[in-house]
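So, here's a batch of structures to check.
Two complexes, one shared chain (chain A), two partners (chain B, chain C).
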Partner chain A sequence: MTAARRFPALALIVLGAVLMVLPLLIVLDNAVKSPADYSAHGPLSLPHGIHLDALKDFWNRVDFGRVLLNSVLISGSVAVAGVVLSVLNAYAIGIGRIRGRTWVLAFFVLANVLPQEALVYPLYYLAKQVGLYDTRLSLVIVFSVIQAAFGTYLLSSVLGAFPREIIEAARIDGAGSWQVLWRIVVPVSRPTLGVLLVFFFVWTWNEFLLPLVMLPSNDNQTVSVALGVLQGQRLMDATMTNAAGLLGALPALAFFLVFQRTLTRGIAVGAVR
Partner chain B sequence: MRARTPHPRNTYVLYLIPGALAFLAVIVVPLAMNLYYSFTSWQGVGTPTWTGLDNYRALMKDSQFWASFRHSLSMVLAMAVIPTAVGLVLAAALFDFVARHFGTRLASVLRACFYLPQVLPITVAGIVWSWILAPDNGSLNDLLKSVGLRSLQQDWLGDPKFALYSVMAVMVWVQLGFPVVIFMAGLQRIDPALQEAAELDGASWWRRFWHVTLPQLRPEIHVVMLWCTIAALKVFGAVYVLTKGGPADATNVPSYFSFATFFEKTQVGYGSAIATVMTLIILALAVVGLRFQTRAEEAQ
Partner chain C sequence: MARLRKPIAMTATALAGALLLASCGSSGGGAGDGRTLRLWHYEAPDSAMGIAWNQAIAEFKKTHPGVKVEFEAKGFEQIQKTASMVLNSDGAPDVMEYNKGNATAGLLAKQGLLTDLTPEVTKYGWDKLLSPSVTTTSRYDTAGVMGSGNWYGVPNFGEYAMVYYNKGLFASNGVKVPTTPEEFTAALAAFKAKGITPLADAGAEYPAQQYLYQLALSKADRAWVDAFELYKGKADFHDAAWTYAADTFADWVDKGYIAKTSSGAKAEDAGVSFISGKSPIFFSGSWWYGRFKTENKFAWGTFLWPGSKLTPGSGGNLWVVPKNARNKQLAYDFIDITMKKGIQNALGNNGGIPVAADPAAITDPQSKTLIDDFTTVTAADGLAFYPDWPVPGFYDVLVSAVQKLITGSAEPAAVLDQLQKAYDAGVPTS
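Take a look at the complex of A and B:
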């Protein structure tokens, strides 16, 4: 391809990439405008001076610090509990090669694709019965299991390829299966477990339906739900809407930057299996 | 120790116990309860009354239900078919055009741009887009005005004629990064000699794309199409935040339909029947898709 044809093609791709990012840039642009600036110049002008009132108003209105803490607590606990559960399941399936493992694995795969709509009402009802309704713990339990369905599926095939000589050698040295798990299998599989931790954290962070149903009170809400509910009420003016969009996007962008390598590698792992 | 357990392998079953109990409580029992509710009439309080297949019979005649599944097909187009097709071209272009002629750094920056919407919580995407597409003072209408196309201004999410297309466009934006990243990773395992040979033979970029890249990426295409189709059938958050299924049910999808039936109309039996039908369709698709994939892998 000649240079004369190369640049138009590149320009087209770059234009596409800009269009993908543009909505967020517009949000950033409008989140720092004053309402007067916004109504005078519309959404497409650059801000005349940085104005942080909309961000502060939104922060106080939804008690964003608390909502953020809820999301961190729930997603963090789910990531850890989900990985532990996945490791135990995958140890039995991938290394223990228990009888009927194909069927057990098929069960986890199907549990993973199940629509949450088919679980939501019974979970809501059961949570009320056992007094866990409107507690963050209820979500931790439910999502640890749901995420572990994927974790078990992925880890089982990873552990299925685990070098058996290492395990045999440890067993001959007198290590029990519990010691082999924590002293050998877990340390060796650390990269995969890291990817799973990140996945579970981000996925739980972005969940919407179950948190919406299980956490009605403002004190327990997660970032996703607080934003979704506020949007549904249509009570925000334009600059506050943009502030909400910006504050909601920032944590996700932070994870993205921190975890970018892990995530890209992990997506590749998930795709090939 | 060894004498007591002649088959040490069997002890591994013990590790499955916590997982089995947890899955029983959170997945199996609720799923069975949902199935049971779907054969009853229940408002969520008191005892459900058994009505057999009544809910399913009513569903078959419910035009709202059929409309919601038609909208699901539109979502499959917007979240699986279009992103896969566009993602293939983009990934190939980024991988062997941009990276080769303009450097891998630029290629990975561009990839990050395409992937960005994937990392945002769907509610953030919803807030951002419902404001951009707003009828008064929305950015899109403002942009149309400023380039002199005022006649094209619409109430993008509020007009039943446009709402579904607007939601579809947003979903393409949300979903596109996923195939791009997967296909770019897949391209890395393809032997570059194949591309070089085709290039030496004078094949154009499009011919190489069609005859070399596409067949090589078949496993990734399977995975992406299957996962994106399932995601499309489940789409809920975006519809909740953008349109709440409206206007006049123009963007209602099964997940939102069942949610509204559960928690707004409190017709738990009917909502469960919708959820059960959804589950059956998704599970059938997953089983067929996974078998197809395993068979394709074995054939290679």
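Take a look at the complex of A and C:
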């Protein structure tokens, strides 16, 4: 009975999962084809033999190890810095309830909806003025702020609903603002912070326009910009683009899977206690 | 709880530390001491240009012992989007490949970001190597309009559009290779009669507009091209040439020579349909040549559009020297090496179109046809550039206009109205 009732839902979920995974599978399929195989049989046929030259060529062509390191450095730093900034802001707005917080929040939302294209030129001139143009640090600063704008907005409403009794109990026990933040608020909202951390990492990983503009030299390039190297003026190298896409997506996917496990475990442990 | 916070905190510290260390070592580019040549280009390493220019780098190192060459492979999009910003900073390279045309090289020249190469062009004699219609894209006036004024770039290769055809399919269907416009139409009809859609096309990208433009060119002359591309006179989209082009294109769609399904296709799709042997004819640029050479599994050939003196094409992308380049002399030396016979011959033998090769040194017979045809076109002053050049944003207008012709959602006259409106709105008034 229950099995019969569950079946349609299950089928829907499986269908959804297949639809989600399908593009990745097509990328994988084409990444291991030879160019001749691709041209002869099109993108949807199964490969006639495994051909890993595209992966290897792309790795060497853009010095992928270095690019990967850049992306990990930038995305990792942004994720951490963004979460720290968000927590500090949201603590003041959500729990501290500073005056005019509605306006402050409105400002953060505004910062969030601003298209990046509008930011490109101001950021370029600022970075040039302070000598940070073409450094990874410039991107870390910019993206920490951009991501923190969203983080602040989200966390402020989460912390706004934070049980006041816990905070008041801590205050009675003699905890100052700083201690309340680090001993009470941060540990309790850790799952939310974890999710933000993962989001910030993946979002920053996928950023294209600003890294493209701010990091002209190949030594500082990120993964998403390196993938753009294959975009020719009139031609595209389909198999190599797929190989590059595969290489570009794997690290972010791996990061997500690793942290997802830690997160769910953390939530489950908290629930039992 | 502290169990999880610690690794995060540790990761954070580690990352922050690593970042500080890493960002300390950022390079400020070489100094202007004549010891490093910084070179950027965006050609694939296995393309004709990639191979020839690698050879040029080796040659440069030989003639300049002690000079380091810092080559960075860029993406076309990357250069296109960021050039004006990079060239305005101290991160500018000494020499780089850049897209020709008013909206690209012309714009940078107007903004004062490129070095005026006129003295070097005469000193090294590059102007004597290049035929006049190839040099149109090298010179820009103070408004950034090509065709006259100072030299801001030197083209190292040429490009033009031609008819690629599948010899096997022509033979097996008993179709004669056409030499006149009438025979060309007859060949299309013959394929259609056998149930084959003769022309590979892609409505979502440049191939469709190049068919349309070539059809117009077959009824046009140099003055018409100058009016349309260089604003020397009025471009009328309802003149005989454009009307013939739009009517013929619509007629070919009606007769099934161009598939209605091609309205959403990309250039890649059209190319692949030719490579896989589905389409017997593909009209497109010489940039396909190298790929067809390695991937086509059948005998194939090329010819110029029958009965047309003009053909879409131009000098290739330019070598430019940024205003902020630190080692300009090295840049000039490098450009000069790429213009020498050795590198030019290498370009020709790898499926590219050299601008100053020694015809006798081109050994591959197929490449010989390619280059001979280019010489024929330039000798007749027949390079007519590309239809999207005159006005910013015209590419997208052309795509949408030609798509309407393919789907039949608008009459040819209405489509030409749309083109006229966009052209008039964007044409410089000076």
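Assume the second predicted complex is superposed on the first by the 205 of 273 C-alpha atoms of A that agree within 3 Å, B and C clash if a C-alpha of one lies under 4 Å from a C-alpha of the other, contacts with A are read in each partner's own complex, and residues count from 1 in each chain.
FYI, a residue touches a chain if its C-beta (ideal position, glycine included) is under 8 Å from a C-beta of that chain, and two chains touch if they have at least 3 such contacts.
Everything numeric here is computed off the predicted structure, so don't read it as measured data.
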Margin query: Which chain, chain B or chain C, ends up touching more residues of chain A in the combined arrangement?
Written below: B
Next item on the list: For A:Val213, decide between first (touching chain B), second (touching chain C), both and neither.
Entry: both
Margin query: Applying the document's definition of touch, where does A:Gly42 land relative to chain B and chain C: first, second, both, or neither?
Written below: both
Note to self: Tell me the contact category for A:Leu85 with respect to chain B and chain C: first, second, both or neither.
What the structure shows: first
Margin query: Quick check for you: in the superposed arrangement, does A:Pro122 touch first (chain B), second (chain C), both or neither?
Written below: first
Margin query: Is A:Phe255 touching anything from chain B or chain C once the two structures are fitted on A? First, second, both or neither.
Written below: first
Check: Now for A:Gly232: first (chain B), second (chain C), both, or neither, which partner does it touch?
Finding: both
Next item on the list: Check the residue A:Ser144 against both partner chains and state whether it touches chain B (first), chain C (second), both, or neither.
Entry: first
Item checked: Contacts of A:Pro8 with chain B and chain C, given as first, second, both or neither -> neither
Check: Which residues form the common part of the chain A surface touched by chain B and by chain C?
Finding: 42, 209, 212-213, 225, 228, 231-232, 238
Note to self: Using the touch definition from the top, list the residues of chain B that touch chain A in their complex.
What the structure shows: 8-16, 18-19, 22-23, 25-27, 29-31, 33-34, 37, 44, 90, 93-94, 97-98, 101-102, 110, 112-114, 116-117, 119-124, 126-132, 137-139, 142-143, 146, 173, 176-178, 181-182, 185-186, 205, 219-220, 223-224, 230, 233-234, 236-237, 240-241, 244, 254-255, 258-259, 262-263, 268, 271-272, 274-276, 278-279, 282-283, 286-287, 290
Notebook entry, point to check: Can you list the residues on chain A that touch chain C in the complex?
Noted result: 35-36, 38-42, 61-62, 73, 76-77, 80-81, 84, 124, 128, 133-137, 140, 186-187, 190, 197, 209, 212-213, 216-220, 225, 228-238, 262, 266, 270
Notebook entry, point to check: Where on chain A is chain B touching in the complex?
Noted result: 1, 6, 9-10, 13-14, 16-18, 20-21, 23-24, 26-27, 42-44, 85, 88-89, 91-93, 95-98, 104, 107-111, 113-123, 125-126, 141-142, 144-146, 148-149, 152, 171, 177, 181, 202, 205-206, 208-209, 212-213, 223-225, 227-228, 231-232, 238, 241-242, 244-245, 248-249, 252-253, 255-256, 260, 264, 267-268, 271-272
Note to self: Show me the residue ranges of chain C that touch chain A in the complex, using the header's touch definition.
What the structure shows: 1, 4-5, 8, 11-12, 15-16, 18-19, 22-23, 26-27, 29, 42, 44-45, 72-78, 81-82, 85-86, 89, 91, 99, 206, 267-268, 271-272, 275-276, 285, 287-288, 291, 294-295, 297, 317
